[in-house]
Amino acid sequence: MIFFNSDYTEGAHPKVMDRLLETNLVQTDGYGEDPYCMRAREIIRRLCGNDTLDVHFLVGGTQTNLTVISAALRPHQGVLAAETGHVNVHEAGAIESCGHKVLAIPSADGKITAQQVEEAYKGHIEDDSFEHCVQPKMVYISNPTEMGTLYTRAELELLAGVCRKNGLYLYMDGARLGYGLSAAGNELDLKTIAGLCDVFYIGGTKVGALFGEAVVIANPGLKEDFRYIMKQKGALLAKGRLLGLQFQALLEDGLYFTIGKRANELADEIRNACRSAGYPFLVENTTNQVFAVMPDEKLEQLKEKYVFCYQQRIDDTHSAVRFCTSWATISENVRALADDISGKGE
Amino acid sequence: MIFFNSDYTEGAHPKVMDRLLETNLVQTDGYGEDPYCMRAREIIRRLCGNDTLDVHFLVGGTQTNLTVISAALRPHQGVLAAETGHVNVHEAGAIESCGHKVLAIPSADGKITAQQVEEAYKGHIEDDSFEHCVQPKMVYISNPTEMGTLYTRAELELLAGVCRKNGLYLYMDGARLGYGLSAAGNELDLKTIAGLCDVFYIGGTKVGALFGEAVVIANPGLKEDFRYIMKQKGALLAKGRLLGLQFQALLEDGLYFTIGKRANELADEIRNACRSAGYPFLVENTTNQVFAVMPDEKLEQLKEKYVFCYQQRIDDTHSAVRFCTSWATISENVRALADDISGKGE
Amino acid sequence: MIFFNSDYTEGAHPKVMDRLLETNLVQTDGYGEDPYCMRAREIIRRLCGNDTLDVHFLVGGTQTNLTVISAALRPHQGVLAAETGHVNVHEAGAIESCGHKVLAIPSADGKITAQQVEEAYKGHIEDDSFEHCVQPKMVYISNPTEMGTLYTRAELELLAGVCRKNGLYLYMDGARLGYGLSAAGNELDLKTIAGLCDVFYIGGTKVGALFGEAVVIANPGLKEDFRYIMKQKGALLAKGRLLGLQFQALLEDGLYFTIGKRANELADEIRNACRSAGYPFLVENTTNQVFAVMPDEKLEQLKEKYVFCYQQRIDDTHSAVRFCTSWATISENVRALADDISGKGE
Amino acid sequence: MIFFNSDYTEGAHPKVMDRLLETNLVQTDGYGEDPYCMRAREIIRRLCGNDTLDVHFLVGGTQTNLTVISAALRPHQGVLAAETGHVNVHEAGAIESCGHKVLAIPSADGKITAQQVEEAYKGHIEDDSFEHCVQPKMVYISNPTEMGTLYTRAELELLAGVCRKNGLYLYMDGARLGYGLSAAGNELDLKTIAGLCDVFYIGGTKVGALFGEAVVIANPGLKEDFRYIMKQKGALLAKGRLLGLQFQALLEDGLYFTIGKRANELADEIRNACRSAGYPFLVENTTNQVFAVMPDEKLEQLKEKYVFCYQQRIDDTHSAVRFCTSWATISENVRALADDISGKGE
């Protein structure tokens, strides 16, 4: 079977593995206070064009989201997020477990708009019984979104504007940021993101690392005592060096973006095959996730050779599914899938 | 100004006050282990037709909801509720603060259906990544709902059926239960509710008491150590006797239902005035809350004499508002309001 | 049986009951935004000599402690308290349930010293792995303490000094403050307390009210959004007026202190009887709780007529017990108990 | 500088690294549902002699402790632990953050006794106001303890007995289990532990893995929905295979114990050097942590070449420090340290 069900079906990019091997017996302090983490922090600050940023390395995405949100909010405050947002639907209640409500905003493509945020905020403060309601204090966006879509520069600027005006924190979940920043049509880069968001993370798990997410904190108000919260949430890795080493390997020479771009291009092949076969998309995007709508019969046939994700039922005879590519995807496998989708494989 | 903005604008029914006064200097043990609480528990068990029920007295509704839910659920479990449900929108995140997600279900009239619950439950267990999602474990309904509507006997039986089949707890918030059980068209009584729900509460604060909610636990699995959780949530009143005394006064001879019926009838006068003036309702009901849609101009005029609640904007020139009656509402005030609504007052 | 087991065995002082009765049918807004609460706040601000204080009314002590602490601390922060402190031992884990560790400090008499706080704080910040430990951020003291003892003015000033120097909040639990401020040897008053503490509460439940605790916030940093947290914790009483009315009745003319003084004097009669009979005290104090050590045989005999609290075993034949007086204690009962203790009753 | 400050200053045992490399590009499902995890689970069940055990793989120790405890306890329940226990002092309040109090028990050597547990439990249930106190429900022990000491078989049997009698869960933190089970004088093995504990974990991070802890659940009552809780706490590693692979490498042929034994023997060399130099131990043990008491002057001298942990001040001129060995410790470095301690190095 060939796996297209997620972007974490393999280990790590060979360069990452080499780096881990090379340094395996070097002695360092634990908990992210080693030279590799220091160096990775410098690289990230440089790429973001801001040497005052705080950078912390955590292991996984849910852990990162719950740690950032728990560190930022007071008990009565909640986080606005697209109803499709990872924090709203796929973290088993991690945010609520830390005491905070996710205030879901309708979204067809995974994105939310500055206007939706403004309305939610105004709706709250203009409510006579606002003290009986959760106070919106943070806006959570993911880029690419869970639907693979991207925020334009203008959209992000507007979101940042409405957040600053209303005292909300803007937080970007960058679990797949490498795919996003190297995608066709992308208008963002790390400098822009670090300038507009209060806090965001650069995802490693899905983009070449064994695991790891780098949290970047721009807002000074969110920096204090972050490591205590990491420790409390079980997010302070004993051998923190493993995280620094991986981010160093991925970011020091642009590998993170190179492998992102390649994965997007392989996804394009799948998209093209769908188009040529007349299969529509649940949502269009240019990143490494393809959300295709196909006849159930066709899907049954593809299931014999490929593993992919069921997304949702469309009608009695059609479903939406997800195919993912990644840094590790083999071109031949994509070609085979594309052929099987377009019918050339038969 | 005359207050119709809520059903808790006065103190307590005179009989309740008398009872508190009479017993004021009697010495009792604290924390609900006094003879008045014992007696009130017996009365409630008798009215519910089940002498194995556990009965606990708490102070307020939000406190009751968070205590019941916290006692019932494990960390990864959530509570299904109408999107208009009190636990979802008006408790400042109390449920999330206890670690649990409120899984909101669309509802136009404040009610949810057995089918919606079934779909939510099946949607969860049939999801490939169900362990990444909050597990639905409890169904929260309010009766009357926040929109003043009532569950029919058949609706409640269906809900109880789907809950039992799927291992979900059914919990009824009865903040206004006295108004519900005495309303025109009501099909429920305490026996039925105690037979169908795993746990529910009989609201005192809004129906004649100074404060107080009586939690009735039918499901043996929910009984263990409930008092510990009450204490932990600050819900174990030192002078618990005050709660027992009030429920005894309200329930021993049916006062709770008599005053509920009267309030509903006064609300009918307001409803009739609206009808006669051609004002539609946001939601129709037969209980003590009237949700009327009126021209803003008319509302401005009413605001000069009456206090009521703004509910929501309907269009550029109309809004929905809420008028509440209660056990304490004065008939003359209702007549005046009715006249002013229908225009006879001018 | 005559109850000396706690200071909440009766209802409320008659003046409080009168005030509730008189105003019972007056209409007001809910949630503490009524004229009675406004007036009670003014009285408290005047008594504290500071018109910038925020004053909130809650129902009970555990609820108050968990609300104040939850509102003040970030997730990794804990509260230093005497190991005998109410928050540490008698709140069923309420503080932990809000996510915070109680950092217990040894104490024989219920008090903690500035030096103990300084050592705990320094021990934390000088620890190499401080980020792996709970950060002390608040100091909880009770006055009178759970052992009935009082802080001197100098002790409180030193505590406040060490707190300010180290950025810790000083919080005083005044569940029995009325007994403390009217006790023989007391050196404190509300002005001093409001000047030295960041936040404290004036206890009503045990000193003349049916229920109620008035939180006074002096530190501006602790004021923001406190009402949201109250609502979230189920601590925003719907008929908040009941709290304002009671504190107004108790504080407008010094009743709170008059009844405190009388209870302390009745406790003195019990203390004198113990002394004359040669029974030592577990801890000496001048407030309304008497902690006497007596032969078990004697206690068995007293149990036939009186209800009191078992405190702890002293040796094979002696135990420490607690007798409480209150605003409601009847002089004749105290005389009878004193006689029975001293042996005159036989 | 040579590091003896912890047992996680290097990466992973070469065999572990080889295994990760070999399998790096194999495609598997995520979240621990891959063949490597399946195989590692089988190995652990076999070593424990019980094929009904549930086995889950998590990343780190604090994460494991908070997940296990959160999954096992209801809100009002707490965990009994030695005051030196990791959950009590070095997890930044992780357990409290999940809502549970750690009930600390005095301990000089890191161990607690069955009698202490029995007394704590009886003290609770015999307290008149037990519902106002946290209910002890779990006993947390570490083996080796934080002081490097070991439970004898008899001690563990007694603890298990008192737990079963009183309905408490027995949980063993095995962060350094490999060092414990291979230590001189050790009386335990995995079969015994799995038979006596309700749940325990086999630590990988400190014994040869890059990271990873294997939770073994024996008590059926603790098995339900554990993966949901893992996900909620951010403890369900996306590439779960990394954990399965590492435990397979360590456990399939006893490597875990071989490297443990070697580290203990290297620690013996340090112990012998201390003895020969007349330096006493804070606590005596036979595992990989040496707690030596030395003159501050001597420590200053050692600090020039070695990194080690300050443990506590003993008197004006002496301190206790900790030296750790591990699977990665180089014999020459130990010899050098031993010589420098005993003075031969000078």
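Labels for the chains are A, B, C and D, by order of writing; each one numbers its residues from 1.
Here is the rule we use: a residue touches a chain if its C-beta (ideal position, glycine included) is under 8 Å from a C-beta of that chain, and two chains touch if they have at least 3 such contacts.
Values in this document were obtained by computation on a predicted structure and should not be read as measured data.
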- In how few steps can one go from chain A to chain C if every step must land on a touching chain? 1
- Query: Based on the averaged CA atom positions, which chain is farthest from chain B?
  - Reply: D
- Task: Express in whole angstrom the distance between the two chain centres, defined as the mean CA positions of chain A and chain D.
- Result: 33
- Measuring from the mean C-alpha position of chain B to the mean C-alpha position of chain D, what distance in angstrom results? 50
- Can you check how far apart chain A and chain B are, centre to centre, with Cα atoms defining each centre and the answer in Å? 41
- So chain B residues touching two or more other chains come to 75-76, 91-93, 97-99, 131-132, 228-229, 231-232, 236
- Message: Help me check something: in the complex, which residues belonging to chain A touch chain C?
- Response: 31, 70-71, 74-76, 98-99, 131-132, 135, 225, 227-229, 231-232, 236
- If you look only at chain C, which of its residues touch chain D in the complex? 75-76, 78, 89-93, 96-97, 99-102, 104, 128-129, 131-134, 309-310
- Touching residues on chain A, where the partner in the complex is chain D: 1-3, 5-6, 8-12, 14, 17, 20-21, 23-30, 59-64, 66-67, 91-94, 97-98, 205-206, 210-211, 228-229, 231-239, 241-242, 307, 328
